[in-house]
Each structure stands twice: as C-alpha cells, then as structure tokens.
Amino acid sequence: MNRLSREQMAARVARDIPEGAYVNLGIGLPTQVANHLPADKEIFLQSENGLLGMGPAPAPGQEDPDLINAGKQPVTLLTGGAYFHHADSFAMMRGGHLDICVLGAFQVSQHGDLANWSTGAPDAIPAVGGAMDLAIGAKQVFVLMELLTRQGQSKLVPECTYPLTGLRCVSRVYTDVGVFAAGADGATVIELVEGVSLEQVRQLTGLPLTMA
Amino acid sequence: MNRLSREQMAARVARDIPEGAYVNLGIGLPTQVANHLPADKEIFLQSENGLLGMGPAPAPGQEDPDLINAGKQPVTLLTGGAYFHHADSFAMMRGGHLDICVLGAFQVSQHGDLANWSTGAPDAIPAVGGAMDLAIGAKQVFVLMELLTRQGQSKLVPECTYPLTGLRCVSRVYTDVGVFAAGADGATVIELVEGVSLEQVRQLTGLPLTMA
Amino acid sequence: MIDKSQSSCATAVADITDGATVMIGGFGTAGMPDELIQALIDHGARELTIINNNAGNGDTGLAALIANKRVRKVVCSFPRQSDSWHFDAAYQASEIELELVPQGNLAARIHAAGSGLGAIFTPTGYGTQLAQGKETREINGRHYVLEYPIHADFALIKAHRGDRWGNLVYRKAARNFGPLMAMAARCTIAQVGELVPLGGLDPEAVVTPGIFVQRVVAIGGCGPDGAARTTAAAAQGEDQ
Amino acid sequence: MIDKSQSSCATAVADITDGATVMIGGFGTAGMPDELIQALIDHGARELTIINNNAGNGDTGLAALIANKRVRKVVCSFPRQSDSWHFDAAYQASEIELELVPQGNLAARIHAAGSGLGAIFTPTGYGTQLAQGKETREINGRHYVLEYPIHADFALIKAHRGDRWGNLVYRKAARNFGPLMAMAARCTIAQVGELVPLGGLDPEAVVTPGIFVQRVVAIGGCGPDGAARTTAAAAQGEDQ
C-alpha cells in the first residue's frame, strides 16, 4: 500500500495551515511541519516556553541557550516576535487564542479523544508537559501520526485504551495513508493517499469509515 | 477636647510606616500621608492603576495625563519605579504583597470590619473601586478618619450599620483623638492625643475601651 | 503578508453590532480610546454592554457614548465621579443598567476570560452586598466568592505603539486594563499613537503580543483626512 | 536606603530550612538558577519540595540537587527527559515523590497563588487521570477541574538584570516561570547576570516589579571570590 513518508506527512499538514494562523507545533514530527510552511506566507508559531513568532533553527554556532523551543532545541525569533512568561503563554492556549495545534498521538478515537502522553506502562515515568493544555485549548487540534503502530495496530480507534490527554478535542488526523476527520458522529475520511482505498482503511482501522 | 488636625493625622500615620514598606494610600485624606513620609527613607507607594514607586505631584506644567494616581490626580514615577497592568496591580493587593494600605472609612467596627464604600442611601450611585481589594489584601489595613461624624456620632462602632467593604480586615484606626487597634477581642486604645482621656473616648464611642 | 492595520477608526469598528458587549480600556481618561469611541458613536451601534473601570468622564469618550444613549448596561467598579454627569443622569433616569464589580474582581474576571478559566474563587467582596447571592467557599481558613469570567465581543483599547502584527506597548499608567481586555475579547481593536515597522518594538518589552489583537489603527488616521498615520520607516520596507 | 542585593548566593539561601517548599525557575536549563541551586546544595537543606517545570537535566542545577538526595518531592509537568537520569534513578528507587501537573495548570496555579485566588476552575485535564478525584464542574457547556494555588516558602529564579529594589528583566525564553514564581513565594531570591543602578531598567519594560522580589544576587558573586558583581555605574552614585 502506498504511504507518505514522515516528510510528506509534515508537508501535508503544512498545506492546511492558512496565512495568519497562530500555530503551536508539538514535539517530534509536528515540529517538522515548520520546515514545510510556505516562505511567502506569514504564519505565527507559538512555543509554550514563551515565544510568539518563533523562527527556524539558528545557523551553527549561533545557538543561544536562552532561546529554545518546547523540545529544548535552539531556535530563533522572527522580526516582530515577542517573549512572555508562562502564564501568558498558556493563556494563549487555554484561552482559545491559538488557531491550530499539531500534536503527535498514541491513539485518537473516532470521536476525537486524544491519548498522547502516557502508554500507561506501570513502571514508566509519566510526563505530560503542555499536551493537555494544547489539546483542550487550540481552536483546531490536528494530530499527525502514522496510522498504524509498528505492530500494525490502528492508532485511530473506536475508543482510546491509553490514558487520555483530552476528550473530544481532535478535529483532524493526518496520517501516512490519508487525512481523517473525527467528531461526534464518528470518523470520516477527508482524503486518501493515491492508491489507498476506502475499503483498505476500513480494514486497517476496523472503523465504518465513509468519505467526508 | 484636644484634636489633631487632618494634617497631623496624616503625619501620625506616616510615622508608623517603616522604611521598605510597600504601601497603598487610598483616595482623599490617606493620599496626604505621602506628604509626611520621611525623605530619607525609601518607602514604596503603589497605585492601583499600575504604578509602583509613585512619586509626588509634578511641578506645574509638567503634568502628564497618562501618569495619574487612583484619584486621577497627576503624579510622577520615582527612579526605580515600574508600570504594569491591572491584573498585576491587583495581584499585588489580593496576593498579600502590600505591607500596608491606608483607607478612609465611614465606619469601622471594634472587630475590624470596614465600611467605606457606600452609605446605603437608596438614590445614591454606588461605586467601590479598589476598596474591597485593598481591604482584604494588604497585610495591614490602617484606617485614617476623624473619630466622629459631623453629627457627633462615633465612626468606631460595635457593629457597622453601613454596607461592608470587608470583614475583620482593619488592624489600626488612626483618628483625630487617638490611635486604636481593632481585633477579635474588640477595640483597644494604642495612644491618645495629649489631653484626651480614656474615659472621654469610652463615652464618645460607647465602647468598653482599654489601653492596649 | 499579515497586516492588521486599518485605514481608519470607522473601518475598524464597522462590524460592531447592536447589542454587542464591548470592553473599553482606560482608567478615567488615561488609556481611554477616544477616537475609537467616537467612531463607534458615528457608526451608530446601540444597546451596547460596556465594560470599563468607570462610566465616563466629562463629555468625551465613554461619556459621549452614554450621552448618545448607545449604552444599555455598564459593568464597572467606579461610576460615580465628579465628572460622570452623563452616566449619573442616565442612571437616575433608569435608562442604563449598572453592574458594580470591585476593581480587582473586574481585572481578575477579564484576565480569567482571556486565560480560559471557567470561574475563580476570589477573596474580594466576601461578606459584602456585592457578593450577595453568589457562591462562597472557605479554603484554608479564608473565605472566597465564586466569580465568573467576563468575555466581550469587542475590546477597544489605546496603546502607545503598535505594529502590523498587532504587537503593542503602552505608555505609563495608560496601560491599565488594555492588556487584559485584549485577551478577553473575540475581536480586539487597538488605537495606537504610532504604527511602527515590524521589529520596531523590543521583543522583550512587548506588553501585548499580536495574537491578542485583531486590528490596529494609528490615531492620525482618525482625523479629518481618514488616512492612517504611520512612521516613515513603516511606509518603507521594514523587512530589510 | 533599601538594598535587596546580597553579597553571595550562600547568604541569599542561608535561611532555607529542611522541609521547605522551593520553587525553582527554568524550562529545561533556560532560566535555571544554577548558582543559587549550587548554594542550596552547599547549604545542606534536606527534604525539600521542589516546584519546577522539569525534574533536572544532566548533572547540574536541579539535577544535582536531586543527585545529592535533598529532594523529597517534585511538582512538575515533564520529568522524563533524555538527560533526567538523576530524577529517573531516584524515582525508580522510590526515593522521591512526584506530583505531575499539566504545564498550563502548573503556571495557572502558581499565578493564582501570587494573585490571591482561592482556587480556579481550569479546563485542562478534565476527563483524564490527572484530574482523578478532583472536583469538576460544567460551566457554560464546558467542563472544568477545580485546582488549588501552589504557594512556596522560597523561589529561586534567574533573571537577566536587576536593581537593588528587586526590579527584574529576563532574557528571551529564560523568562518562562520566573515572573510567576516571584509572585507566589514568601521569599523570592533572584540571581541576575547584572546588578544595575536604580533607573537602569526601563519602567515600561520591567517584567517583575520589586515588590515580588526579596533578595537579588549578582552571579559574579557566586564565584570563588564570594563578592557580588555589579556594574561600575551601580557602585557609583545612582541617584544623581
């Protein structure tokens, strides 16, 4: 079956981010979405640790330990950006001021429940960071993930079995085989990668998917 | 009976404000306390509208409409002062960061209840401003008022009859005849103006006052 | 390119509808966005709910809005002033509704709205008339009143300088409620004394980041010519 | 004259007792007050409850405090990192307690403490394990969890510049939790890269006004000589 590379997945999400959007990109693959945003459009990246107007990684040797992103990687600030403290930063999220956040996930339910902070393994050290705030705060929550685990199980599920990050919060799921919408009436298919059939994703997910 | 002038009353309160104190002075007579603070001590005046390190009135012609105090009178900012927004300003009060506020009052109960925002007159337009925040927020609330109304009634009372500003919040009452402490066990006399007797203030107030 | 600057105050307020809830910045006249308010008067929206610390001073700004009978209700902490005659008259004539809120609760409720909180237990007002009928709770030996966020459809605020992304800095005590209201309104319109090029504001000193501001109008543009005033630098290439 | 500057980090942290609750600024290593933490390690206080976004990185700062077994409990949002080995070991050995708080709740609860709120209804965490057993409420169709303020005995924070009244400005993303923690602790101790004379900070750009800061120490003073570093101007008369 035809599948998008991780690079292509990131580029696909980037296509759906309009000019002027205030966007938070989660740690990991979502961070790579920034590399695919069109250079001729102004899109505002927010970082939970107090940046708005976050720019790309600095040139080698130009790293500043005080200028990092949520993943603690060195970044830059665009001309016109601003710094602020954590209460203001999370007010942006929780107060509904962000247009879009892009998050990774362990599981997304057909109704938009998100599980992305814990696998529930008994001896694991839990860590949540800003995931729960982003999940419930942004106007639209996009999940970016491979549809299947390495073991071949669908991560788009009827109900999440992993500990939840937020309830009914995900609007779209961007995967390597297609883009899905989640919602009260269940998941639908927005688009499929060329060569992937509706029947295939129904079988992979076990969900009664229809085209949106 | 010997009585302090309003000027002397303001000066008396000023004597009890130690160096380094963060202080908010209410509108009216309390504002005049600033004129009596010792010039050789650093005392930090806070104004509810977003000033810390408020200085004296500007020289004539130097007024700035953007630099006013809570009473909307022109003021200055000391070197080392700062501006901030209303949430931060009231966090200073409500979060217990102010050492002292000095407020006027219609009535103070022997237990420290304060009534200073409304006489309850049915046709009056109510206005409260920051009085309730100051009353419950500052570590010490000093009231500065004449002991008696123009009609000769004590404003230090067994129980307030006017609408309350705050419960059990006043620690000291500075008046034209003496200084009183209020508290759970009732009011006591801290000092009396020379020539005023304990018996006299007992009669004026109708309270079983004792020396503190 | 994202340019939030507006050609005039009239354009900036054009979609404020009758019955809208409008926050207006300012403490007395400091920080009051007079030109935006005048544009709102000219625009004609009625039955407004206004949130401001006061209820107008003198004959301009919010006072003029009230005098023109555009205000159904005022939410404020301190309406009664020596020069609040327009509000006083409307109130005494029962033409205007008043919700009196202690100033710190006003600030905290606006901040709560901007920050996404559902409600806050605040210490102010407990045991007073202004908390009557409200839920209370004792927490760690102190008494609190449950207060709800105050949201608005629009915020009209005044800042000192702004850029086309909506970043703002204020001037002295004119800052007051501006940064809070910007967070709490669906659409925040800022009048600025000067529109500066992108990068003209120190990123360490920006008080209101652009995410909280939808429209910026330079007050020069509210004068007779109707054109927005910008610095010469802004008119030139700012991204050089 | 009020001078909050301290001669050394050791002096600044000398009264932190065993069992104290200590907020430590920083997001990862940005804004982490390493020199103050080292002074706290040297000082010897034990059984500390630490509030920080993380649980230490590498072998210095908070990680060193944990490695030295001074920490009874960590309240944080994101302990698990590639270089959090000292926390990981202590946690796996059940030598340290963890209270995991979503980052926005952490910020809001610290802010609530500094602002005098009794509790807040926050949207984050509703329906998740991290809200288990907590009071919830539906307000205007949204679900919220009741969360309580987080206070501390001390806050150790890092700022860029400060003055003798305790006014602070920060540097870039090293600001993060510093301004909030300064509000929420009984005693806030700020290490600054530079102690500037009064007036050396723009009053429009002060991020933490001095009322929230009890002690300031220039980090030059935490070096081998033990003397606080100040600018030449600060050493001269600043009130001229």
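By written order: A, B, C and D. Residues from 1 in each chain.
Everything below uses one rule, namely that contacts are C-beta pairs under 8 Å (C-beta built on N, C-alpha and C of every residue); 3 or more make two chains touch, one makes a residue touch a chain.
All figures in this text were calculated on a predicted structure; none of them were measured in a lab.
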Quiz item: For subunit A and subunit D, what is the smallest step count along a path of chains that touch one another?
Solution: 1
Quiz item: Which neighbours does subunit B have in common with subunit D?
Solution: C
Quiz item: If you tally the C-beta contacts, which comes out ahead, A-C or B-C?
Solution: B-C
Quiz item: When the C-alpha atoms of subunit A and subunit C are each averaged to a single point, how far apart are the two points in Å?
Solution: 34
Exercise. Let me have the rounded angstrom distance from the C-alpha centre of subunit A over to the C-alpha centre of subunit B, please.
Key: 54
Exercise. Would you mind pulling out the distance in Å between where the CA atoms of subunit B average out and where those of subunit C do?
Key: 30
Practice problem: Note the residues in subunit C that touch 2 or more other chains, in rising order. | Solution: 108, 115-117, 122-123, 170-172, 204
Quiz item: Can you list the residues of subunit A that touch 2 or more other chains?
Solution: 77, 83-84, 87, 90, 93-94, 137
Quiz prompt | Touch relationships between chains, expressed as pairs | solution = A-C, A-D, B-C, B-D, C-D
Exercise. Please name which positions on subunit D make contact with subunit C in the complex.
Key: 108, 112, 115-123, 137, 139-140, 142, 144, 148, 169-172, 202, 204-205
Self-check item: subunit C contact footprint on subunit A (complex, rising order)
Solution: 19-20, 22, 42, 44, 46, 52-53, 77, 79-84, 87-88, 90-98, 137
Quiz item: Once bound in the complex, which stretches of subunit A touch subunit D?
Solution: 47-51, 64-68, 72, 77, 83-87, 89-90, 93-94, 118, 123-133, 136-137, 163-167
Quiz item: In their complex, what parts of subunit C are in touch with subunit B?
Solution: 27-31, 53, 77-81, 84, 87-88, 91-92, 98, 100-108, 110-111, 122-130, 143, 170-180, 207
Exercise. Quick one: which bits of subunit D touch subunit B in the complex? Just the residue numbers, please.
Key: 1-2, 113-117, 163, 165, 167, 183-184, 198-199, 201, 203-204, 206, 209-212, 238-239
